[in-house]
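Going in written order, the chains are labelled A, B and C, and every chain counts its residues from 1.
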């Protein structure tokens, strides 16, 4: 079995809400509430879920872009949360991030060459004399052509800018790349190009990806394993095909069934589960199973008991879901209310 | 051979013929909509699909004549119930907007006025078009909220947009658009900003309301899944032109234009396991507006392009089945590989 | 809303403490010995010592400060050196014309500023837009005493044009409308210019918003789109500017009152500074500061009222 590159244990991220007469902290947004998972070297793990589920917050907490409230983050055998700010900055060489809008995270007044030079300079991994060559290599690697290095970001299209973001992340030879909605803003035809590029780079540089996304088509295509989050908690985790072909948690099922399929006459017409209502507020999440307010299978037990992630004997190894009735639903002995 | 402008659709409620809308910058003219033709059959849904810059949203705004400076509708006809909307006066247009033709927009978060209550905003449509009193209009607004499935509508009607979730706001937008029982509803990416479970709710609601109220719909989207599930006909747009117009079944079963084929192939699907296989991509990107290709707009990115494609723009031509295609491959003048199979690489 | 107002008032307490510390320190920051100044140039050392004792200047500073605060709270701001009358009386007598001047000027500048700003925004990039903005720039750049003098020259003293004398208004005093027009115009011009510019840029931003497009798509008349849907949103940042503008206005009132010989608080202060009547100056500054704080509370409440997006608690 491959090495565990990233271990996240019981990660919590609460954001305080100020209010009242004196502006005290009156409550918390429990954006991430006890999340644990591992990422093995060389694999792609996707974190999926709808807005407010805490998937991006998880990524930011791992990078310590926001300091997590509690929990453990072990990266390559080292406790990231114990590092000093300075050491953490050095460590970021190994953990790079690509955002949804590359334009927002690059300085528009710098040329691509300056952007890459700066990245190389900060981490100081390549000798000064060889940087020109390295930059030319990077540009070719991400499919931009070395001759474009002296242009400014605004001269590139959205897809090309995302390639610049990837080049910058790659420049310091990272071990893990956290891609936060990295292809979400791109048009389908460009998105496919960037996805293919990311897969190619993974093979060439044996990269590990933590891929945060809401588009499940993209996720199925790119991931080895998938984590499904709902209201700050993991509801299901498993290898990609298990999650997509044999989802166990009622939320995962509803999520998958809600995606419109680009096929007006599908071979097997699927049963669509339309969830009622909106996602509740993460300030006062529902008791028990957080999904019970929208779940067609919920019982009184779900309102009280918090379900743990667990596997059943018919499920693949490492495929776990957090539903009290997953076995009964699978067997058909527990049916939906609507 | 002439450009096809007659579209063989029974009883179209709306026909767009050779519509041209441009934006004028100091240096050049951006032809956002460059000779667009399509028809919306009565009671049906037409999908207009395309990527950013295809001109699909500008087309929809042009229909209601909501194009702002420096944009201008340069030519063409928009025939609604037998009359050309481009010949109407501004005050006649106002009678049509929100009354006979309504529109829903992409961003429910920003499309409602933050300083007025939901009820005030829905009421306005009734007050303008049906001369209702404020009180009467407010009562009807509550009914509309109920119609679009908003719980406790009597309380919600007094709330401000920021007090509602994105899905609820889009329901309010729908309530507002349907208030005066329009004959045509234009939905511009109505679910793009929403989460997928909320999108499913909204699409179901729209379908149900269409069945009940019998209006025709134009669904503008970039999501081929949404098209497949909600539309009867589809127009695929690329760089300001319709490249393919077909029934939904034909388009997905047998796409003809290389761009349509490319779009379908580059879409990663959650219900199909590609294994380690790469996605089939469309090479390159959409050219800048000042570098419009002379021939077929898609030629620089088309894997099948031959000489004629680089030189001359193909017409939108109609085949026997009523579908339309803008591509040299399907004409007598095709000078490339006679055995070309556009659809050969499709994976599903 | 009530909680908000209460909280807003509580929040002004530190500001008020700051203001009183500042006015209190004025006595100690002025060059020379306050007792000497109070007692007059020709006072004997004994008289100065008596004065020092009367003023409590021999007490430790904190004690002096609390004495001062006690005075402020009970309305005892000391006595004027020149007249010997209570400062509070002197100041309150003069307050009315100043407040009237400031309020009328504010109304004028909001009125003109909003209309001009909306007018320019709707005609963005056009000739009318450029014209309004150039006039606003002039209005902003004209020193207000100069504008006052010019107005007196041409509209009070007057010139003859085609046999008509333009001396329609009074050049000094406060009371009749003929006396009020020119000072209000003088003081309101800069504010009108600032508000016009602010309204214009705010309107331009709002006009591009999605909800304006929604309103048009509903079939709303363009006039209603601008005045109902856009202006109410555009007003939100403008209101803040009006509040801040009020402070500038009070400062401007000092000059304007001098130019037009209005017996207001501003003129009283100028005269008192000249006469080194420090208790009056101290009281005047305190009143100005209180007015400013009070107006900004009103502005904040108005702001919340307009901006529904802000949670009141």
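One rule holds for everything that comes next: a residue touches a chain if its C-beta (ideal position, glycine included) is under 8 Å from a C-beta of that chain, and two chains touch if they have at least 3 such contacts.
The structure presented is a predicted model; accordingly, all values stated were derived computationally and were not measured.
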B-C or A-B - the one linked by more C-beta pairs in contact: A-B
Most distant chain from chain A, judged by the mean position of its C-alpha atoms: C
Rounded Å distance, chain B centre to chain C centre (Cα mean): 54
Cα-centroid distance, chain A relative to chain B, in whole angstrom: 31
Interface hub residues of chain B, defined as touching at least two other chains: none
Footprint of chain B on chain A - complex, ascending: 50-51, 157, 159-160, 187-193, 195-196, 199, 214-222, 241, 244-245, 254-266, 272, 274-275, 278-279
Chain C - residues contacting chain B, complex: 209-211, 213-221, 229, 232-233, 306-309
Complex contact set, residues of chain B against chain C: 64, 66, 94-99, 102-103, 105, 107, 110-116, 124-125, 128-129, 160, 162, 173, 176
In the complex with chain A, residue positions of chain B that touch it: 51-52, 165, 167-168, 195-201, 203-204, 222-230, 248-249, 252-253, 262-264, 266-274, 278-282, 285-286, 348
